[in-house]
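Please read the structure below before turning to the comments.
For clarity, chains are labelled A, B, C, D and E in written order, and residue numbers in each chain start from 1.
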Amino acid sequence: MSETVFYILSGFIIVFSVLTVTSRKILRAAVYLLFVLLGTCGFYFALEFNFLAAVQLTVYAGGIVVIIIFSIMLTSDLQDKLEAVQFRKIFFSLLAVLIGAAVCITTILNHSFPQVTDKVLDSSMRTIGLRLLSYNEGGFVLPFEVISILLLAAIVGSIIIAKKADSK
Amino acid sequence: MENFLYTLIIPVILFFSFIFTGLSGNKFKPAVSGIICTATVFISAALSYWTAYQYFFLHGKVNGVYQIINVYKIEWLKFNETLSIDIGILLDPISVMMMVVITTVSLMVHIYSIGYMKGDSGYSRYFAFLSLFTFAMLGLVLSVNIFMTYMFWELVGISSYLLIGHYYNKPSAVSASKKAFIVTRFADLGFLIGILLLSAFAGTFDFNELTNPNGNAILQSASTTFMGLSAISWALILIFIGCAGKSAMFPLHIWLPDAMEGPTPVSALIHAATMVVAGVYLIARLFPLYVFTSPVALEVVAHVGAFTSLFAAIIACTQTDIKRVLAFSTISQIGYMMVSLGVSGYGAEEGLGYMASMFHLFTHAFFKALLFLGAGSIIHAIHTNEIYSMGNLRKYMPLTHITFLTACLAIAGIPPLSGFFSKDEMLVAVMEKNIFLFAVQYVVAGITAFYMFRLYFTVFWNKDKKYEHVPHESPNVMLITLIFLAVCSALAGLIPFSQFVSSNGVPFSTHIHMNIAIPVVGIALAGILLAYALYKKESLSPEKIKNSLGVFYRSAYRKFYIDEIYIFVTKKIIFNLISVPVAWFDRHVVDNTMNGIAYTTNFVSEKIKYMQSGQLQQYAFIMVAGMILIFLLTLYLIIV
Amino acid sequence: MDLILLILVPVLTLAALMTAGTKAQARMIAAAGTGVQLVLSVYLVIVYLMERGSGNIEQMLFTEKYVWFNTLNIYFSTGVDGISVSLILLTAIVTFTGVLASWDVDYLYKEFFISLIVLSTGVFGFFISLDLFTMFLFYELAVIPMYLLIGIWGSGKKEYSAMKLTLMLMGASAVLLVGLLGIYSYSSPTGATALTFNIIEIANVDIPVEAQRYFFPMVFIGFGVLGALFPFHTWSPDGHSSAPTAVSMLHAGVLMKMGGYGCLRVAMYLLPEAANEMAWIFIILTSISIVYGAFGAIVQTDLKYINAYSSVSHCGLVLFAILMINEIVMNGAVLQMISHGLMTALFFALIGMIYSRTHTRDIREMTGIMKLMPFLSVCYMIAGFASLGLPGLSGFVAEMTIFVGAFQNTDIFHRSVTILAASSIVITAVYILRVVAKILLGPAGDNLPSGIKDAVWNEKVVTIILIVAIAGMGLVPLWLSDMILNSLGPITEKLALIK
Amino acid sequence: MTIEQLLLMRHEIMLLIAAVIILIIELSAGKDNKSLMIPAAVIIFSLVTFIGFLPIETGKLFGGSYNTSDMIILMKNSLNIGVLIVIIQSAGWLKHSFENFDNSGGYFFIIISSVIGMDFMISAGDFLMFYIGLELATIPIAALAAVEKMKRRSSEAGIKLILSAALSSGILLFGISILYATNGSLFFSSLSSDNLNSSLQILAFIFVFTGVAFKISLVPFHLWTADVYEGAPVNISSFLSSISKASAVFILIILLFTVFNSLVSVWNTVLYYTAVITMTIGNLFAIRQQNMKRFLAFSSIAQAGFIPLGIIGGTQFGISAVIYFLLIYIFSNLGAFGVVSAISNATGKENMDDYNGLYRTNPKLSLVMMLSLFSLAGIPPVAGFFGKFFLFTAAAVQGYYILVFIAVVNATISLYYYLLVVKAMFINKSDSPIEFINNDNYTKAGLLICAIGIIIIGFAGIIFEFIESASTGI
Amino acid sequence: MESGVGIQHFMILSTLMFFIGVYGFLTRKNLITILLSVELILNSVNINFVAFNKFLYPENLGGHFFAMFVIAVAATEVSVAIAIIISLYRKLKMIDVENVNEMKY
């Protein structure tokens, strides 16, 4: 991946991230998030994780963001702007976040990562499929199964909450 | 050697009589308790006479020296190999002598009390305590071990407390008993510390070892010094403080006059004849120790005794309560004994003072008991203690009058009554050692005669006073004792005392020293005449003298304000300056510190509650900030 | 004799109490259980003396070991020497009389007796334990029922007092725990053997003196708070004054003794170097306790407060004696524990009885009750005399042993504080006689309720048992003192070696 | 892979079967015929719990993603017991209103799946399973916390829980990703053999620690606890406070001793200070609480502060002390919550003042409450004393005397507020005390189990021996 | 890979994104916008995993799968969260985070 692509994409992502957390219109924030997700998706493509990029598009951009937008429309008046945040809150949060980021980034920059290996990444659909259903080392069938329970439980939970309260 | 084991019965039977009378309480008629107790005392007395006979005339003397006989000794409480409290019976001349005195006076008092206490609601209690007292006193004099002495010393104190407070409905009696106990208790602290010090140096509590002139205790003492005096001196002075408390030496005498709140027979027994001389007795008991290790302590004894005798005699002249006069007289007489002891040396003739002191103790017991019982007889008749409310009683109470007069003459030292002999010996002893003390004692002899006859004339002569009912002579049971004691007082002086008692157990003989006897009798007669002039003839007005003496009289009348000083010390200093602040400190400082910890916790808890504001974002902020803080701490402060 | 019986009997009593239905049943069961316990304790004393008489010179007799937590080397190991035997007897007497003294508890009677017996179980367990763990366990077990007993059945500002007492004692046990764990972690300095809580085993080990310096104050203060060590004594006046009769009896009579016992058995015995080094600090504190408690008692107007401060003073003497480090004085300390236990139990029992009749404990409101209730008043006087150290009663024996022993130390410091401590006997006389004069003597007060009756049978039994015990100890102390003295050898030897 | 191998996952499989049966009952039973649900759930889960105790082989599955050891089985069994009690105790609440009752199937299903998540989390051999287990244990519970739709507090609790949990899992994930960057493996075994000591790895550790500490509610990651416990239904609070917390402690132990064992000096320091502030802050807040659930929440925070004492020494004894402590803690806490729940269901009263005079009307409830609180406070002879004592011993033996000192002082402070409740029940008098509550048999059984556990576990030295012998896995 | 873009670039990018998400979490007023911030955080993690997988450890697909599962978990999280938010909205008629504060102190 060329530096240019990286900087463009990352610039794109950072800008929209910032917009996501600062925009005073909720729907716009959601849309900015969608752009961030798309930008990330671009990275996935660029890094040759095509399958993941597809998942990102369908699940994230297509699923999650849509739910969020629905719920925004359900709960908010789209014309409303959010109230401005208290300065105190911004100040302290910014302070914490900046210090945190600074610490992390300094540490990262001081760290010498292992040399990039010359092994080749194999992210073909076939490999992914095999690995996903393998129960040997490097296989992911167990998480795959467990996450299905998670999804089921989440569904049940959501249903319990969302059911009309006065069923009687 | 003859088996003296039966002497064990003498005190023990009294203890059982106390327990029996005390526990059976009101189950019997009161008279039964009285009779039981009197009977037991009688047995004791009889046994003590037998013992005295056995000891002095048959078995006590070996090679011309009276032996110290440990009749019986068991370990009562063991501290370590050498230190232990033993219980037992020790016979030597003075303990046998004391035993006789105590049982005799006690018997008299018991008999007297049968009449005197008749109708009192606490009749059996009274007799129970009398028995207890007699038991304790016997235990004290017979003890083999200084700690045993201390134990009975305390018991004597407590029974004295109980008896003084016999009329516990009377607040004055209650406070007098309390005062007596606390003052003597304070003195006992000195005694206790003295014992402790003594034991630390001598390594024993046993009298045999302590008083053995060739024993370790005496030979190896006096090594350590503290503030200029050897430690053993300090110990002996401290023990003397204990003695001073019991024997009412200045300035610990203040309890004795107040103790007169008790029934009069009790005053006779405890506060005249027996308990108050325990101090003298104890010093006599430890005499070798005093003489050989600490002449300084003996000097202290002598000077305190001299001062007290003078001081008390002066006060006695001004008091108007018959029993208080007698009380101060007692103090003064004990002062005498102390002086005599204090100037004595060790040995036969050398120890004349010792012998004289014991002699005076002996005679004093009889005549002072007689005086008190006589006073009791008077009080019994007219229900007041105030001498100016009395007068011309000889008309109503002839026997009381005669016996009282005998006693007065005896105490004044008029020959051939007992007081003359003992006083003479004492003054001789003092004369030999210290002329200054002699002068004091000489004056006191005169004052003694004066105040005794002041009392005598005021009470038995002069005009009738208004009496509620016509005074009557006391019942026979009381009179018998008066007569018996009068006989004793009159004749006791004829006993060749030095043949029996001396500081080292070797008998010696004495004679009357005319060069001293005559001036002494002279000054006594002068005192009597002065009293006659003032209070019988009233040719000189006592009022005028009082006025002319002014401040001095008033302060003597107020007992030189010693009581006030004590009240100041106890109320103002102990109570208000120590106890109240201590209690305040406890409540407000110590307690509040503890509470303060709790308050602080609650306070902090209240202050930090805003951390939990219910705002999700604040929670998240604290979480993130906390995490970042841990970053900083671990990465830059602790690890790096 | 199987010492576990001493735990088993209370536990069975507890079980029986659970089934009790009526008040009569409950109190009968409690009395029977504690009575059996008393008989057992007397029997224990007898067999102990017989065993010693037959020449058994083991440090601890009747030892048993039941494995409990094997990994930590925790055993439920029991055993007694003369010290614990005498304290067990004391506990049994006080518990039994305590039950009798609370014969008329009406409110939640069953729970009352249950709590009381739980408390006594703790105390018995504490005294028979040879293992620091079980010792600590029983210590806390004994403290916690206090809260309920005072809080529910107490009087006055009971909630405050109960909370204060519990928190201070548990706070102390917190400090103590650190000390005990410290001892545990140094109980095998070479690592050759497993760490142990067993007292006898630890005693054979030399704990490094640097470590001792940390743990000695902790252990001593931890136990000392229970023994009313200045300035941690403030739970005592409030607690005692609010507690119901039996609880005051047990607490002052027995519980506070656990403090002294712990100091002796753990602090002094297991940490001898530090004990020798640091004793002076605590001697000063305890001297303050002694004098300060006595002075504090002079001005109080509530009978229970007077007695509570007096307990501070007397228990201060116990700790004081323990710190003077020699055989005589430590013997005195144990004697004082027993003596104080008995007489303070008697005091509190009597105060309770008087209070139940006059409905006041303020000495300014009572006069002349000798006339109204002669039996109780006489008993009160006897208790007072015992307290001020009258020969023939227990207090004298104990105090004198302490003073004589303390004076065996030759340096000026020890001697001067001994004199200071001895001076407390005068102050004691002052406040005891003050009370006696104020409330017992004098003309009968007219502000007291009419129709006051003297003691009833159970009250008589209580007072007579205690008085007999006090007088018995006072009259024939030798067997007791010898029994204790013979057991002090190991402790004093260990302390003396270091000296 | 054979069936026998698969059976190594017995706990999870049993739970899964249980969950499925519950679902089937839920679906097959008619709308008005759900009375079967509660007894069925209780019976099934009792079976599951029982079977969990049968002896079993240990080993690894799925190439190391899943592994068991004696200790892990022990942990799972402890959790199972706790969950069984929660399930029994829930009966009262489920019957309390029709709406709850209607949801009982879903309720049990979610509880059980949450336990499945915990079991997988504890058994996890790599970070992926750990993460998924963690989420499975948390997310559905958040839904349950919000289940009482008529109560605003319930929804508030739910939203606070899920959002805080999301943030914390984000942080955790970030840490995991950094670990991945430095090592390249997600497997614990591979990570633990690597010598982690660079700053970046420390950073990663702190991220991961934050995520787990959040679940244990160590200060300063505890703030959600009180609000969530107060708002959520009582049984969910008790589930969160005991089961959820215990599972998080278990995984923390596993992580610290496998993945981060080379960072021992770092995490010792971190744990040291977190322990101190956790106890202190928890206590300081608990002192002034009135609402019983909130009170227990802070108490559980304070209790959590004691746990690091066992971990910090890094000894086998310390670990067994922690497990032992947690087992006792589960019983004690569930006992206390059980009483609160019984009273809350019957009367709706949750404040300490309402408990005044409780003993006169409800002696048994009061006694169980007192036992539980004493156990929490660490008062003998109930089990809590032993748990705390061993924790303190573990730390003291390692020389952390000051920490032990702070801990015991805090234990004393905690005694204060536990006694406040005891005081309310036994000492205070009330004009209108809570009427006598006639509890159903489930509640009674639940409380009885707790009471027995509280009494037995301490005395029976064998239980500790068993734990000690089992916790050799690390 | 052939260019100068290294692993640290990606890490800085993801760190920034992470902290931007945290910032959003701390400051946004609307519950749904907070949820958006959470998504940012998760997304930053995913970038990390993917980038490490690609650059450092291409021989296994750990990072890749991790990212995939994170996406799935994120979906469940969002669904449950939104269910709760809506249920809250029914009662409060608003979803401002600062009003979710009935329980405090």
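Going forward, contacts are C-beta pairs under 8 Å (C-beta built on N, C-alpha and C of every residue); 3 or more make two chains touch, one makes a residue touch a chain.
Computed from a predicted model, the values in this text were never measured in an experiment.
K.L.:
Chains shared as neighbours by subunit A and subunit C?
P.N.:
Both-contact set = B, D.
K.L.:
Which chains are shared contacts of subunit C and subunit E?
P.N.:
Touching subunit C as well as subunit E, we find B, D.
K.L.:
Central chain, going by Cα centroids?
P.N.:
C
K.L.:
Could you tell me which chain lies farthest from subunit D when each chain's centre is the average position of its Cα atoms?
P.N.:
Most distant chain from subunit D: B.
K.L.:
Using C-alpha centroids, which chain lies at the maximum separation from subunit C?
P.N.:
Ranked by distance of C-alpha centres from subunit C, the top chain is A.
K.L.:
When A-E is set beside C-D, which has more C-beta pairs in contact?
P.N.:
More contacting C-beta pairs are found at A-E.
K.L.:
What is the distance in Å between the mean C-alpha positions of subunit B and subunit C?
P.N.:
The answer is 36 Å.
K.L.:
From the C-alpha centre of subunit A to that of subunit B, how far is it in Å?
P.N.:
102
K.L.:
Take the average of all CA coordinates in subunit A, do the same for subunit D, and state the distance between these two points in whole angstrom.
P.N.:
That pair's centroid distance is 30 Å.
K.L.:
What is the distance in Å between the mean C-alpha positions of subunit B and subunit E?
P.N.:
97
K.L.:
Hunt down the residues of subunit C that sit against at least two other chains at once, touch-wise.
P.N.:
Those would be 167.
K.L.:
What are the residues of subunit D that contact at least two other chains?
P.N.:
Only 128, 132, 135, 139-140, 142-143, 146, 149, 158-160, 163, 167, 171, 181, 184, 199, 203, 226-227, 288, 416 qualify.
K.L.:
Of all residues in subunit B, which are in touch with two or more distinct other chains?
P.N.:
In subunit B, 598, 609, 612, 614, 616-617, 620-621, 624-625, 627, 631, 635 touch at least two other chains.
K.L.:
Pairs of chains that touch, anyone?
P.N.:
A-B, A-D, A-E, B-C, B-D, B-E, C-D, D-E
K.L.:
For a test of understanding, state which residues of subunit D touch subunit B in their complex under the given definition.
P.N.:
159-160, 163-164, 167-168, 171, 199, 202-203, 206-207, 209-210, 214, 219-221, 223-224, 226-227, 265-266, 269-270, 281, 284-285, 287-288, 413, 416
K.L.:
Quick check: in the complex, which residue numbers of subunit D touch subunit C?
P.N.:
Residues of subunit D touching subunit C: 317, 320, 374, 379-381, 385, 389-390, 392-393, 396-397, 399, 401, 404-405, 408-409, 411-412, 415-416, 419, 422-423, 426-427, 461, 464-465, 468.
K.L.:
State the interface residues of subunit A toward subunit E in the complex, per the touch definition above.
P.N.:
These residues of subunit A touch subunit E: 1-3, 6, 10, 13-14, 17-18, 20-21, 26, 29-30, 33, 36-37, 40, 43-44, 47-49, 52, 55-56, 59-60, 63-64, 67-68, 71-72, 74-76, 82-83, 85, 89-90, 93-94, 96-98, 100-101, 104-105, 108-109, 113-114, 116-117, 119-123, 127-128, 131-132, 138, 140, 143, 147, 150-151, 154-155, 157-158, 161-162, 165.
K.L.:
Tell me, which parts of subunit E touch subunit D in their complex?
P.N.:
Going through subunit E, the ones touching subunit D are 7, 11, 14, 18, 21-22, 25, 31, 34-35, 38, 41-42, 44-45, 48-49, 52, 56-57, 60, 62-63, 65-66, 69-70, 73, 76-77, 80-81, 83-85, 87-88, 90-92, 100-105.
K.L.:
Can you tell me which positions in subunit A touch subunit B when the two form their complex?
P.N.:
Going through subunit A, the ones touching subunit B are 89, 92-93, 96-97, 99-100, 103, 107.
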